[in-house]
Amino acid sequence: MSDKNETRQNFSGEAEKVEEFNEFRERMNERILDSANINIKRFFNLDTRVYDEGNLSKQTKEMLGLVASLVLRCDECIKYHVQQCHELGLKEEEFFEVLNVGLVVGGSIVIPHMREAVDFWDQLQ
Amino acid sequence: MSDKNETRQNFSGEAEKVEEFNEFRERMNERILDSANINIKRFFNLDTRVYDEGNLSKQTKEMLGLVASLVLRCDECIKYHVQQCHELGLKEEEFFEVLNVGLVVGGSIVIPHMREAVDFWDQLQ
Amino acid sequence: MSDKNETRQNFSGEAEKVEEFNEFRERMNERILDSANINIKRFFNLDTRVYDEGNLSKQTKEMLGLVASLVLRCDECIKYHVQQCHELGLKEEEFFEVLNVGLVVGGSIVIPHMREAVDFWDQLQ
Amino acid sequence: MSDKNETRQNFSGEAEKVEEFNEFRERMNERILDSANINIKRFFNLDTRVYDEGNLSKQTKEMLGLVASLVLRCDECIKYHVQQCHELGLKEEEFFEVLNVGLVVGGSIVIPHMREAVDFWDQLQ
Amino acid sequence: MSDKNETRQNFSGEAEKVEEFNEFRERMNERILDSANINIKRFFNLDTRVYDEGNLSKQTKEMLGLVASLVLRCDECIKYHVQQCHELGLKEEEFFEVLNVGLVVGGSIVIPHMREAVDFWDQLQ
Amino acid sequence: MSDKNETRQNFSGEAEKVEEFNEFRERMNERILDSANINIKRFFNLDTRVYDEGNLSKQTKEMLGLVASLVLRCDECIKYHVQQCHELGLKEEEFFEVLNVGLVVGGSIVIPHMREAVDFWDQLQ
């Protein structure tokens, strides 16, 4: 199999992965918010608001969310914040500096999650 | 694709997921217990006994196991305790209150695992 | 030094420890809530409400909070929930069963925090 | 005891706490770097460089270090980054927004460490 | 389906899993090292050197890496060190003793990762 | 204050710290084992046996316990295993290599605990 084919195959496969990730995420969030539990709703609401533009820019806050997710090694959370950072125009060399802080703080166990983060970032291009 | 079809497809797919989860779990446990290591056997034994009916009911203990697994973000452990709680007759609104404590204690990184927990709970219905 | 004296000395010393713990906790909470940050206030509010009597009793929820704090090894949180459980009339043999679930789930690294929990429990008697 | 006295007493006590913290930190770092272990030296070197001004500003990187330390609940690390952020001119309302992201991502177990962070911040004023 | 067939099927399936694991690992590492970030390169370099033969043997260091990865519950890291330990001639009964220390220190949440570790070990035979 | 005086002062102060650490540890363990909870006793028993000489030497197992405690950042556990390693004749340059693996795996958040470990090691000399 040629490199070119593999890349093409990845491209479509990856696009599906991004979509699939977002679809499951949204479907389950709805399911959870449909439950009567008011405190869970409040938490979800808070989880959105905390990243709103404030004294710090939305981009800075999303970088904070990304590094926090990275050192806590939560792949879903990482992907979500990678997506947000990307949409907000974070540059690749800035993205890698965020990862680098997470790597030094959290150690080599962060590496597999860094791989996922970079893989997801590449799919978003 | 209609919603109805998707649900039907999920239903059978999910049933397989529960089975598959249980099958791998049991096969590997046997493999591990077949090893001569006596202390591992003792730990596995302890891991069963700690949830036995005692001064606290088995249901309460399984809820404790569930919230502990949730904040430590161990999907396999979560699924196991969701299954136990379900079999012991925990009601959905109680189930969500257990999740809610875990969510507030453990923060938004718990959310992806909460999604898995609710998804697994729905498969057990 | 006789055992009896040591115990007496502990008694008063420990009482101070409980008070000191509560004093610092409250002073800093006030300081934090005095900051203009509305989302932090919302989180603190949520952190109280989640333990309110609901479909599960307040006592069950406090046990859930205790075991979650134990496996996450947060001494301050452990102390807070030990205090709540004690006030709500949890019996010592029930208390130890909560600890036991946390110990098996979280492993031997939980032991130092279990020591603190038991020490704090004894101070509350 | 009047509030005013307590504050004054704190002021000097706190100043000592900052100094003591820095003294032990530096003494042990020297001790560790005196050991022949070259790879430990390399790690310490890396741990400094990663916060250097780059594509992201030093201040942004220190905020990243702070939130990462907060969700991993490492008091020493938190204090170090609070100190750096403070020296680099971070404003109090920005500081609280960093804490807020950490609180929502990491949950209520982060609160005791947030208290320490704010206490340390106040000592630096 | 006979046991024999299942085993045979596993054998080839598993071989692919080992390969696939190594392929993704290497591809993403290259991608990451291709980024201009010098500090990430330095970390990766350090991550290799720390396991070099030194005052402690390479095998001892790989066992240390394995138990550390196990209690931190990082499947990718576990697999990597299982592979290294296996290549360096660690015996199965020694392997299980490493797992056992990790199990007692880290608790029952380690069990799913222990299953993965043993499954991967068996694939390497 | 001269360096020599400081060292002497440390020496006696530190010796007390080692003793105090061991005293609280033993007193609380007894208190916990006096509780009727049979499963806690079993866990404590297991926690001793897992470090017994086996296919791996006691020293190797204590190093495994040390690195696991280090990456999980449990100061009490670290101190216990440092003490055991020291008694079993681990050399300083080997000790630092264990720390180094923990540092690279667990990242810079391990550093404060490494400081404690080295401080405790020095007190044992």
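Each chain carries a letter (A, B, C, D, E and F) given by its place in the written order, and its residues are counted from 1.
Convention: a residue touches a chain if its C-beta (ideal position, glycine included) is under 8 Å from a C-beta of that chain, and two chains touch if they have at least 3 such contacts.
The structure presented is a predicted model; accordingly, all values stated were derived computationally and were not measured.
Traced through touching neighbours, the fewest hops from subunit A to subunit D number 1. For the pairs B-E and E-F, the count of C-beta pairs in contact is higher at E-F.
Note on A-C: its contact pairs, compared by residue number with those of B-D, A-D or D-E, agree for more than half at D-E. A straight line joining the Cα centres of subunit C and subunit F is 26 Å long.
Centre-to-centre separation between subunit A and subunit F, using Cα means, comes to 38 Å.
For subunit B, the set of residues touching two or more other chains reads 39, 43, 46-47, 50, 69, 71-72, 77, 93, 97, 100, 103-106, 108-109. Subunit F makes touch with subunit A in their complex at residues 71, 103-110.
Within the complex formed with subunit E, the residues of subunit B that make contact are 24-25, 28-29, 31-32, 35-37, 39-40, 43-44, 47, 69, 72, 74-77.
Interface residues of subunit C facing subunit A in the complex, by the touch rule stated above, are 39, 42-43, 46, 49-50. By the touch criterion given at the top, residues 46-47, 50-51, 54-56, 60-61, 63-65, 67-72, 77, 91, 93-94, 97-98, 100-102, 104-106 of subunit A touch subunit D in their complex. Residues of subunit B touching subunit A in their complex: 73, 92-93, 96-97, 99-100, 103-104, 108-109, 111-112, 114-115, 118-119, 122.
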